[in-house]
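Quick notes on the structure that follows.
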Amino acid sequence: MLTEKKLAPARSMSLAQLASRFRELGIAAFILVLAALVSLRAPAFLSVDNFRDILLNISILVIVALGQMMVIITRGIDLSVSSMIGLTAMMVSSMLVLFPWLPMPAAILLGLALGATLGAFNGLIIAVGNVPPIIATLGTMSIYRGMVFFYSQGSWVNASDMPEGFRRLAKASPFGVPNLILFAVAVLLLVAFFLRLTRAGRDIYAVGSNPDAARFAGIRAQRVIFTVYVLSGLLAGLAGVLWASRFEAAQTNTAFGFELQTVAAPVVGGVNIFGGSGGVIGVVLGAFLLGVIENSLTLVKISPFWQLAAQGLLILLAVVFDAAVLRRMQKRGS
Amino acid sequence: MSDAAPVIEARGLSKAFGGVHALRDVRLAARAGEVLALLGENGAGKSTLIKIITGVYQPDAGEILLDGRPARFTDTRAALDQGVAAIYQEPSLFPDLDVAENIFVGRQPIRAGRVDWRTMYEEAGALLRRLGVRLDPRIKARELSVAQMQMVEIARAISVNARVLIMDEPTSSLTQGEVEELFVIVRQLRDSGAAIIFISHRLEELFALADRVTVLRDGAYVDTRPLAGVTTEDLIRLMVGRDLAELFPKQHVAAGELALEVEGLGLPGRFSDVSFELRRGEIVGMAGLVGAGRTEVAEALFGVMPAASGHIRIDGHEVTVSGPEQAMALGIGYVPEDRKQHGLVLAMSIAQNITLPTLRRFARMGWLSGAAERRSAAEDATRLEVKMSSLDQPASQLSGGNQQKVVLAKWLSTNPQVLILDEPTRGIDVGTKAAVHQLMSQLAAEGIAILMISSELPEILGMSDRILVMREGQISGRFSRAEATQERLMAAATGTG
Amino acid sequence: MAKRFLRWEWLLVALIVVMSVVNTRLSPFFLEPTNLLRASSDFMEIGIMMLPMVFIIITGNIDLSVASTLGLSASLLGYLHNAGWNIWLAAAMALLAGALCGLLNGALIARLGLPSLVVTLGTFSFYRGLAYALLGDQAARGYPEAFTLIGQGRLPGTRVPYALLLFIVLAVIFTLVLRGTRFGRYLYAIGNNEAASRYSGVPVRRIKLMIYTLSGLMSALAGMVLAARFGSTRPDIGSGLELTVITITVLGGVSIAGGVGTMVGASLSLLLIGITRFGMGLMNLQGQVQGIAIGALLILSILLPQVGGWLAKRHVWGRATLLPVGAALLVAVAFGWFFFWSRGLMLAAQ
Amino acid sequence: MFTNGVRLFLLVTTVAVLAACGGAPAAAPTSAPAAPTAAAEAPTAEAPAAAGANYVLVPKNLGNPYFDTANNGAQEAAKELGVTVTYQGPATADATQQIQLLNSLIAQKVNGLAISADDADALVPVGKEAIDSGIPVVTWDSAIAPGGRQVHINQAVSADIAAVQIQMASDLAGGEGQIAILSATSTAPNQNEWIDLMKTELAKPEYAKLELVDTVYGDDDDTKSYSEAQGLFKKYPDLKVIIAPTTVGIAASARAVQDGNLIGKVFVTGLGTPNQMREYVKSGAAPQFALWNPGDLGYLAIYTLDAIHTGKIKGNPGDTFTAGKLGDYTIDPDGVVLLGKPTIFNKDNIDSFDF
């Protein structure tokens, strides 16, 4: 909120703008340094193939993290994304097992619809029911995960049960680039367009930046908050379809624990957990950083027992570094 | 000017918050092509009234008529759609959005289904130029000064092309020049047929701008009159409802020894080179525009945001204040400006609020003695005549005036030698106001040194032994009680004349 | 304030009674003291971590790293035990390590001003990672019996586990601290209004440091109890417990927004979840389905108290709300139909 | 705001939700709850119809086809023996949850437990508790350490499992080249034992030209296993074979080979289920892999349990019993019953298996 009067007089050189740009530049720099160090020890890191693998590995993360970002901008959090992915993956692949003739666009639409419905339930509880987002989605995380199990009674959908077309949905590369990456890019562009160039998208920032002022300005915050959870569910639904296709399986524990990564990517990418700011570039960089960390820890042959610690430490460092630099800049600026 | 039917009219409005009446049977009517001044002291109910008109709050009773027909605004969007716009007293900008978008938020220009940023920047630039402000529409609101923020809010309200435009203290941090630019535009809007409701504490502004004035006092309607032929004294009497001498019962106390010395205090970006002294028994008033750095100086003295440079001496001993705990130990008390955010823990009981800074006294090995605590809190509450049903009542259920008394009781319980009061009478009823002033006078007589920050010049003039004026983070004027006048203080505060 | 929460606690008591009656009717084994006491040991580590979590959530913060801290300290214990240290010395080091983990959290939150969610999300991975780094693919086992008694032993002559006693003693201490001390008062003050507390001279930073350090210490203690109960340690020990701890705390009426909640409420909630889970186990409900029930309980506990407020608003049943309500119902019914229809087909196909 | 009506509503709804999850309270008998002591020897309330004993088959976690197949075998045994077998496991493969579950099973006084342990050591106390309460404990697939169980049904001799995997890897690599292991979690007890034994096996002269370059852990998580496999390709461009002694890891590795267009260059082998691997056997990403029949494992576990429960055997080393269609078994000196040798699956025989 904008209660403080301790604001800097405007300057010709906008320091906060520099700082926010610096956030993204800082992550980019962090990635470059890491990449340079890794490629010294493992030249394979710099190959085109490896780059493509990293992109493939983060595509689904980017899709879901973009939804998560919109939620975080409104000062919320959606912990149920992983379970929504699991549920849509299971339901859509089951439908494809039963009706192998279903065209792929129908499968995608089904995934989107299922995800949006689950997201709408979150949105309803949060926006209308005034349940704090972290509690609401913690609850639906277990509920949706339980539904996956209830739905399949524990059985999995395996590669050989799936129609060929579905398995190729994520991997085929008719345009020279794997479809999965294209999906991520398409979602990225759509979200960027939505957030930058539509009033509904701008309202998301307004509500997150100052909820009281949004009310004064005639923005219906309840609707905006409902919408972001629907969108988060929608993207999780799409991710569920792509997940099942990419991993050629739908299991009861599909995407279990994935929610932490979808929160980590925006947070590392400079999306303020207190709402109001953040952009698609930051999310992509954040996801990319996570992807590079995981990839390089494998490549430089760090003991697998140290990998988790290194990953946690790097994420922690990124956040602390970011906060420390930002604080210093703000202090000097104001 | 015309006797046409009012564009907007409010009848019999009442509103209570948690049992406390903010408005009781209030009415108001503004016609097209006129500026209606809304006058009342802080806490008289002006802000609540306009929030009901624009749909932020729903009234408990009464109705609003637009063009003579009943209108019910369920939220501000509904009001905006009907051409009713407002500038609220609370800062209502979006720190993460840029200036242009803050102006057009929710109404961004759309072309080909997309937000047309170029047009938005152009229009925002044009609007700001019209207001005489040099401001890049692309910078984020986070970086603006308080005055610049106020200009952006004005720009937002004007950009609506409203039929009814309500401005709640739009000038509180503007300089004389900026105010004049604003008035030109307000007159243009008026001449083009808008009804304007204007709230300001500076009476001379109302005389310069408004056609009629409606006065509220303690949440109730007092009167509506044409401004022509009314004097300042008349207005104050209407507003205050009692004699000025009664409202500002300042006793003369001979200044005692030096209690606090401040020399060259500075904090980059907030204030610099602030020096003054405070003697026992003395009330020093600190005036200035909103955002001039007064609160920041107080917060530096209290250690909330310590100063970067300079010296503080208490009773002649050099001290460094690194936090409120330490300031308290040094005998400094601070009644902050924002009662709800900084003054009280609203959800906690009156007793718990009063004893919060002094809990250590009632604790043995960390273990609280409930009886001793209640006894002490009861004493303090009684001394200040807090009206309450019990000491266990949550502070949130009290009226503004009683809340302020609880804050004062809390700080008096720490036995301060230096008491800093930041807007001590903001948002409280006249009766309590007089009581607070009475208390201040009494405390000074007991030998406490008081620094009082206030934006209300009558209060500054009525209560201070000496007056400091701040402008843009520096002390721009020092006056004795005898030499101070409203005009001199304003000139020092705005840097004109 | 106090009155409102008293009511919440009575509600929990009522739910506990109802659950007990339902469980007793559905399973003849529920009311056996031996069974209940044995089942209690499944919740003692959670309970020990819950105690400081109540403090943390009352101040409006959160600690996601408790289970990872548990894992790290238990792993350190195992590592030192494998290296031939005396078990009690190793346990002391493990407790110290837990406190340091908490201190680091607290320092990042209080000194750097980082959001607690972000910090503890980071240390959640980091501490667990350190546990793996310590033990790798090894398990530590063969703790002396004197040590495993902490987790497995029972009060001589009774079926009361030592761990239950430990929890009760700690719970009483924590309850008294929260209700009767300056420290407890400060926690509520910070949670209700951190700025006003700071302006009133409450040492906000120091208190935050203290509660996170305490949380680390208690997590380490829970780690000792769990390692003793298992008689061994693997680095994944206790993963995922943080969500249970937070769920129980919130269900106990401790508001995630801060400033509200009691230790009694949280303890009752622990009991409620305990007997609910135990009862569902006796009825052979699958774990995932139990998850649905706990998730629903969590949401309903916050949702339902508001229903009265909505109904009291006059315009609730106006035309404006009928449309969205209808749409929501339609979507819910359509989804439900599709879910069960396709599930039926799928199960039939197998 | 919090009126009496609302409180009642809240109570009723919450109870309804819990009760609905608690399995139709309306169906509960109207008679007063039986005194606990009277019910002690009776079967559980849920299965009053079953004349025989009630055993519980406890997998590492529910929702895993490997264990579901074992359950099919167990149910077959149950039908033959005229007993009831309940299939009940934790939601995730986690020792804490499994212990919680076992505690509630002990409380129900079931007649026997057949457990695939999530943690060999951590389950010892609870296993002991069960045995002390007179409930026979048999482990299968993954053992509880001795002391916490009476008999362990071993799918195959660990050394055989290791040997067959090295044998297959050697076949696929043509006798020489780099191989790597992609395991489950680094804490998984049986995988760790097999890996150690594989290293011993590799020391034999006939495998001198095989070089084990790395061991990585996919945590039995599809995504992680997949990217670990990718990492192996990059780290070791000359890698010939990945051995994945885990059903999740083998499928993920095979898919990574297929997706990376490495069929024919890198081969995957290890332990997997035919249904999961059918696709990859045919594509050539994983031409052969091994597994025992998990159904037989469940079948044998129930027969062993029944033999102990009915007093045919005590569960001591040297005891012999007959397990239906599988024939006679003897408990060896370590308290272990051996199922047999693992089956090797390849494109010639895979279509005759469905699990």
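A few comments on the model shown:
In order of appearance the chains are A, B, C and D, and numbering begins at 1 in each one.
The rule is short, and it goes like this: a residue touches a chain if its C-beta (ideal position, glycine included) is under 8 Å from a C-beta of that chain, and two chains touch if they have at least 3 such contacts.
Since the model is a prediction, treat every value here as computed from it, not as a measurement.
Of the two interfaces, A-B and C-D, the higher number of touching C-beta pairs belongs to C-D. Centroids built from CA atoms put subunit B at 43 Å from subunit A.
Per-chain CA centroids place subunit A at a distance of 27 Å from subunit C. Averaged C-alpha coordinates put the centre of subunit A at 34 Å from the centre of subunit D.
Shared interface positions of subunit B, defined as residues touching 2 or more other chains, are 341.
Shared contact sites, meaning residues of subunit C that touch two or more other chains, fall at 132, 136-137, 286, 288-292, 296, 306. Across the assembly, subunit D contributes 62-63, 91-92, 186 as residues in contact with two or more other chains. Under the contact rule defined at the top, the touching pairs of chains are A-B, A-C, A-D, B-C, C-D.
Residues of subunit A touching subunit D in their complex: 42, 44-45, 47, 49-50, 53, 57, 149, 152, 154-156, 158-160, 171, 247-249, 251-256, 258, 294-295, 298-299, 301, 304-305.
On subunit C, the positions that touch subunit B within their shared complex are 1-2, 177, 180-183, 185-186, 188-189, 192-193, 195-203, 259-260. In the complex of the two chains, the subunit B residues touching subunit A come out as 54, 56, 75-81, 86, 88, 90-97, 101, 105-106, 108, 110, 113-115, 117, 135-136, 139-146, 148-149, 156, 268-270, 290-291, 295-296, 305, 338, 341. Contact residues of subunit C toward subunit D in the complex are 4, 7, 11, 14-15, 18-19, 22-32, 35, 38-39, 41-42, 132, 136-137, 139, 141, 148, 151-152, 226, 229-232, 234-241, 276-293, 296-297, 300-301, 304-309, 312. Residues 62-65, 68, 91-92, 186, 214-217, 221-223, 226-228, 230-231, 234-235, 237, 251-252, 255, 259-260, 275-276, 278-280 of subunit D are the ones touching subunit A in the complex.
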